[in-house]
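Next come the structures, one after another.
Two complexes follow with subunit A in common, the first pairing it with subunit B and the second with subunit C.
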Partner chain A sequence: MPVEIPKDSWPGAVNTVTLGATGDQGGSRTSTVTIGGERSLPFMHFESPMPHRPAIAMEIAPARPADWSAVLLEAWGATADDPGSWARACEEAGADLILLQFGLKGSGDEPVSADFAVAAVKAVLGSTGLPLVVVGPGQAEVDNSILVPIADATKGERLVLGLCEEGNYRTLVAAAMANDHLVLGKTPMDVNLAKQLNILMSDMGLGRDRVVMDPTTAALGYGIEYGYSVMERLRLAALQGDGMTQFPILVTPGAEAWKAKESKVGEGTPAEWGEWRQRGMNWEALTAVSLVEAGAHVVVLRHPESLRRVRAAIDELMASETA
Partner chain B sequence: MSEGREIPVAVYAAQFDSLAEPVAVDAGELIVDAARRGGVQIQQPCGGQGRCGRCAVRVESGRVRRRSLLRLSPTDLAAGYALACQTVVEGDIAIVVPPPERIERRLTTDHVAPEVAVPEGYDAGRSQSVRRVVLRLVPPSMDDQRDDWARLETTLRRAAGVERLQASLEQVRGLGAVLRASGWEVAVTFDTGREQDDAARLIRVQGAAEAAGRPLCGLAVDIGTTTVTAWLADLATGRVLQQAAEYNQQISRGEDVISRIIYAGKGAGGAELRDLVLDTINGLVAAACGQAGVDPDDVVKATVSGNSTMMHLLLGIPPESIRREPFVTAMNHLPLLRAGEVGIAMHSDGVVDPLPGVASYVGADITAGALAAGLHAAPQTTLFIDVGTNGETVLGSAEWLVACACSAGPAFEGAGIEHGMRADRGAIEEVWIDGRTYEPTCRVIGRARARGICGSGLISLVAEMFLTGILDKAGRIDATLGTPRVRTGPHGAEYVVAWAGETESGEDVVITTVDIDNLVRAKAAIYAGFTVLADATGVSLDSVDRILIGGSFGKYINVEKAIEIGLFPDKPWDRFDYLGNTSVRGAYLALLDREARAEIARIASAMTYIELSADNSFYEAFTSALFLPHTDLSRFPSVAAATTNGG
Partner chain C sequence: MALAGIQIYKLLPQTNCKECGFPTCLAFAMKLAAKQVELDACPYVTEDSKKQLAESAMPPIRLVTLKGKAGEARAGNEVVLFRHEKKFFNRPGIFIRVADTAADEEIAVTVGAASSYAVDYVGMKLGLDGFAVEAASGDKARLAAVVGAVRAATGLPLILVGRDPEVLAAGLEKLPGEAPLLMGADGSNWEAVADLALKHGAALGLSGASLEELAEMAVKAQEKGVEDLVLHPAAEGLGASLALNTQIRRLALKNFRPLGYPTISFTSGGGPAGRDAVAAAQAVCKYAGFVVLDRFAPELVYPLLVLRENIYTDPQKPIQVQPAIYEINNPGPAAPVLVTTNFSITYFSVANEVEGAGLPAWLVVTDAEGMSVLTAWAAGKFDAASIAKAVKGFGVAAKVDQKLIVIPGHTAVLSGELEEELPDWTIRVGPREAVDLPRYMKEVLV
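So, the complex of A and B:
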């Protein structure tokens, strides 16, 4: 007996957002990344084809990070000493885009400064043609002090600037609008809070094609189901036509997974946990693939092997389109 | 007006009532501009944007065109009222500018609590449980050696039909002396109890001469978590002699019921909280009696309302089980008590009647409130919102009643707010802000110098700050507006509502970011409470016929502004009624009328309590309401229209 698969048809769609601008478009990127545009739940190709693949961003830092797992630093080797060479290595490893994450420190023990930050961004833009996401340390005042000069210094590149939060969104949105950039809004794992920040940013006149949201997720075993559920509900609301939930989603499974004890700790763990290096990569890849299935448009990773594995999973999920 | 103009457009004459000569007006000119030129003062608190309605004038004759009818009722229009800032002159006109205080009372959005009135047809002889009768006893003799008590009881039975009379040992000890000193002519005060066949309770025996001309008084008390209110009433006439309110002294030991319960559980905490609330009540009793010239010994009955935790703490009953699953009280329907054992400073043998509650978080304040609001007799579905610390909501009609509660905090009563205060003399109760200059105009209770901001003032202030763009939808102050009114204080950004020179304390009155957060959380809790209650019962808010508002806002709340901040549902203003403190009103009705007291007990038994913490739907509704007016703007179409047109 033939079984007919019921098809949902939704009134709403996720916004289509293009990250980065090429020379023709006013920037200097050699490629851009377009995400979003879906009219169905993730990978329900039979209902509505997914217009764009989920993208993979690789996270780098402006200087060799002190708090990263040795496993990660070993994988990147000396390229991680300098943001330009690190970004180039990411491009060679197959990343779709780069996420440059600033901390509170600049060079050495100095607090991060605007000059330092602008130089790091320029170095990355100069060494790779990929679109770039730039994220501050997450303290409103410090974020503003470096992101505004970065926005001014890179006018037209369609960078994604973050983190835009309830406390600093005015400054960041204004800087992005004045310089033709995008913003990354971040809210603590709650559908309403995500929507509220989107309303506040939109009230300033920021275009719908200029916002990417990070609703916050957690690693496998650390509350991923909450993050998954929030993303799923945001997507359902978006499909039902709620305009303030229709922004594409960027999440950071790399940073979350490598904070987990299972990835970080190499000694004194039970034998059944398996080999440490593999475990960290497994943790990152499993977290990331789960979030891709929840509807992430950009996943930010740290390990090049995870990049390969998540890429393979996305290929498979997208291939089912033709099945 | 250019003097050199050769061909004037039409020029009309506008005659203002306060001027001897008419003012020349160009066709299409606004009434306010004509008035200004003629030197006539018309207040424009909102800066002439047609928002506040305070510039209404009466057009006695002549043609005008009203660009906006906002703030004018059909009655106003029929009487010729027009907003001076929104009305253009199209002919020779005659204008009456009313004094501002008359406009204040006439606004359609202002909802004023009804004055307290003695219930229609109040007859103490029929309704009152307390009675005082004068008896002439036959003195004992060698022929009649009945005991004093039997002599009193028999005479009372004959005179007043009292079958059984209860007395305390203390009363028996004093009886003989009073009987003999009075020459066997005494006034006996007693309470006939709640039910028809209850034994009467002896309150007082005094010499008939001593009692003559002294009033018989009662107290209606509402113990709020934040505010305690007491009304002193004459039981014979039913008239309220004095009203008094004060913050509950327990606030210093925790702002909400949960922290009070925790405090009560520690060592002597329970006894301390009991003393604090008794101090508060007794202070009010002393003040009310003092002002009314009543001897506290002539106060012989009190009805006490309040949430279940407050009732437990007053009576010294450990409230711990209220806070712990499965959340039960010690007793919802309490017996009649003696004032002396409760500790209220009235006649110590007076009767204290604690009104009945429903559950741990829906107490006597709500059952009494439902009675006062007439919810139990409402023909159609009615929503009753008590805008207080515990945010209780009741939905229903004569057929059914469901209730819930949520912790809103004390912000609406002016507590926990930097310059918050009760709705009392000197409280800013209404604010308008000019959308261009960000300058406020305030109305202060008693027309005094500003001392602080009360609940209705806070609602009004936050609504105006939001509508004029000082606040964003998240309730954050925009520090980039370039007005000295917005500045950075010790708690972050703040807005100066009144400069030091305008206040009683000589210090600036401000509202801080923290205050605004508190207020937004409070309004979100209340909004979430009634929306979840409506969802849980499957009742659409659209089908709610009337929305009754209770609360300690004093005399007044501006419904429109409460809608603008997302406290109340966006329904037509005329569906709302502001009832004031419904809990004390209910207690007052029960004080006067045993039938009303019985009705409260019936309400308590019939009301279904819904526990909001049973699932996460309340939390979801709460976070979505933590926004101005709400995350889902489609729920507030009138606010959406006001913010997009004004912006």
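So, the complex of A and C:
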């Protein structure tokens, strides 16, 4: 029986954004990552081939993080003591890019400083050729105090600088524009708030090829459905032609999943939760794959085994074409 | 899909004879569209119109109910492609595969553990839906024995998997009065399996690699009189499976009847570690009506049950708890006051941590319209005024000696305003995540 497959054709498309710049392009990366460009819902290759695969970023910290789950620290071992060696280990594990997440602390108990932050970024850039996303601790003044010097010190690298929020986007956008970088905008799980920030950033003259957005997601069990639906709605709006929703999406399932009790701790949990390590990896991988299928362009992960699982899933999702 | 009044009117006699009690056929049609009258009220509708009207009233995806000795698993009746458009209705049944080639002891252990599995998630008990018994031995007596053993151990609904109708028949004999699903019919044997399904009142699963194949078998099975069908788009790989499941859902919602049935997804236990969890998660998010896992393991099943709960939550009605002051571990006047929102995941995360750590506390839950702390804060539903209102409204001051209140770390910016709203209270900023609360309470809040 002949069956006519319904194909949607959409007027809009997701912006195409390239992260990182090679030597020829004014940076020092040995590879770049291009995301976005879709004219269909995620992996609907039969409608319109997906031009770029979703990328996987591995999250690292400038010093061995005190609040990460023992499962993660065990997996990275001594490489996590130093951002350069950690970034290299991520590259060897198959990451497409690195996300360096700063906290409020610098070396020891000192507050994070510009010198400390620039040194950590340089160490990462020196030890891996992958593109880099740099994220501040999420307090506007501190973010500005480290991200502006980082932007100046790495001109031309097309780093992604975050987080741009309503309170500090001006400074970060200006720093990114002056130094040939990109920015990461973050808004709390709401389509209209995401649009609003994108409008504000675009009004400063920032190119459409220089913005990545994080509409915020939660882990499995902790409200994943909100982020999931916001992402589906953003993608639908983007395809319908709403320009301020067409930025590629970066989300952080690794950080979200590993702060959930299910992943983070192995003692004092119910027997029905099962074996800790496998549960933690399932928590991260399931959160990530669900979000990739809802339209994520970059998923930021923490565990090397989850990286392998999510990469294998993306391989399968990209490979197949049905008649 | 339901027809509009004017479309119904075209199917009526259009004689305006008034026997239905309405002045015109159009008036009657409007009432029909609004489901305020029954079609029987008009004695002159043709058989053909009746059929068309009945079909239009059918849900785009048929509701298929598998019945065990105790318990049911329902799939279908879905009306949207995206959960935010309305909601997803029937949570896909999660079944565990049991091959009849496995040793009796192994089968007993798996079925025992899986059928009694129950896990608490935000105050709800979640569990599995049944078992898929596979006739891998090809032996009638063996399948019958295993089906009998599984049935003796659990009342949950069953799926029988096998290609040989005679073997399946032997299994069915063990399930009188039930409505299991027969899985294994494809282009070559569907007719015999369909006869079996009809005879036993079982649902019929159809496997095919293409939509054409599935639609063709479905139409023939319908013509034979089988009503409860389940489609198994047999695709290699996550991408092909996603495409086929999406196409089936889209076509069904466009009222393409041959594919208007729930689908089933089998996850193979083979392949690299964790692959089955990912495949099952895709099936849960993207449209499966039944999901069959190859193995039972709590660390696999628990995240899948939670994912299913999350995806099938009504997006218009976040799960909430009652705004109130909750007592944790019998707090006395010296216990601290913690504040959070009434989104149930938020409430349970906080309450479970504090309770699990054995620390007494008063937990003030504000009315944040069921939003989490961050979302509510962004939307202006969790601010200094609403916290102060809750603290005053629940008479918290009368319960404690020490007027100390801990707000979530994500909303540190509220402390100044809150000090103004609650001048007699000391405001402290707690950790951002519930999981860090016990340490904070023991080390910082002393």
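Here is the rule we go by: the second predicted complex is superposed on the first by the 321 of 323 C-alpha atoms of A that agree within 3 Å, B and C clash if a C-alpha of one lies under 4 Å from a C-alpha of the other, contacts with A are read in each partner's own complex, and residues count from 1 in each chain.
Basically, a residue touches a chain if its C-beta (ideal position, glycine included) is under 8 Å from a C-beta of that chain, and two chains touch if they have at least 3 such contacts.
The structure presented is a predicted model; accordingly, all values stated were derived computationally and were not measured.
**Student:** Looking at the overlay, does A:L200 come into contact with subunit B only (first), subunit C only (second), both, or neither?
**Tutor:** The answer is first: A:L200 touches subunit B but not subunit C.
**Student:** If you stack the two complexes on chain A, which partner ends up touching A:R64: first (subunit B), second (subunit C), both, or neither?
**Tutor:** neither
**Student:** After superposition on the shared chain, which partner residues are touched by A:D190: those of subunit B (first), subunit C (second), both, or neither?
**Tutor:** Both subunit B and subunit C are touched by A:D190.
**Student:** A:R208 in the overlay: touching subunit B, subunit C, both, or neither? Say first, second, both or neither.
**Tutor:** The answer is neither, since A:R208 touches no partner chain.
**Student:** Which partner does A:K122 reach: the first (subunit B), the second (subunit C), both, or neither?
**Tutor:** A:K122: touches no partner chain.
**Student:** According to the stated criteria, A:K105 is in contact with first (subunit B), second (subunit C), both, or neither; which is it?
**Tutor:** Touch partners of A:K105: none, neither subunit B nor subunit C.
**Student:** Applying the document's definition of touching, compare subunit B and subunit C: which contacts more of subunit A?
**Tutor:** C
**Student:** Just checking: does A:R53 make contact with subunit B only, subunit C only, both, or neither of them? Give me first, second, both or neither.
**Tutor:** Neither subunit B nor subunit C is touched by A:R53.
**Student:** In the overlaid three-chain picture, which partner chain does A:V265 touch, first (subunit B) or second (subunit C), both, or neither?
**Tutor:** Second partner only, subunit C.
**Student:** Residue overlap on subunit A between the subunit B contact set and the subunit C contact set?
**Tutor:** 190, 193
**Student:** Write out the stretch or stretches of subunit A touching subunit C in their complex.
**Tutor:** Residues of subunit A touching subunit C: 1-3, 5-6, 41, 43-46, 67, 187-190, 193, 216, 218, 220-226, 228-229, 232-233, 236, 259-262, 264-265, 268, 270-276, 278-279, 281-283, 285-286, 289-290, 293-294, 305, 308-310, 312-313, 316-323.
**Student:** What residues of subunit B sit close enough to touch subunit A in their complex?
**Tutor:** 472-474, 476, 478, 480, 620, 623-624, 626-627, 631, 633
**Student:** Would you pull the subunit A residues touching subunit B in the complex into a rising list?
**Tutor:** So the residues of subunit A in touch with subunit B come to 166-167, 170, 190-193, 195-196, 199-200, 203, 244.
**Student:** Quick one: in the complex, what on subunit C touches subunit A?
**Tutor:** Subunit C residues touching subunit A: 82-84, 117-121, 210-212, 215-216, 219, 235-240, 242-244, 246-247, 250-251, 254, 256, 258-259, 272-275, 277-278, 281-282, 285-286, 297-304, 306-307, 310-311, 313, 315, 343, 345, 349, 352-353, 356, 372, 374-375, 377-379, 433-436.
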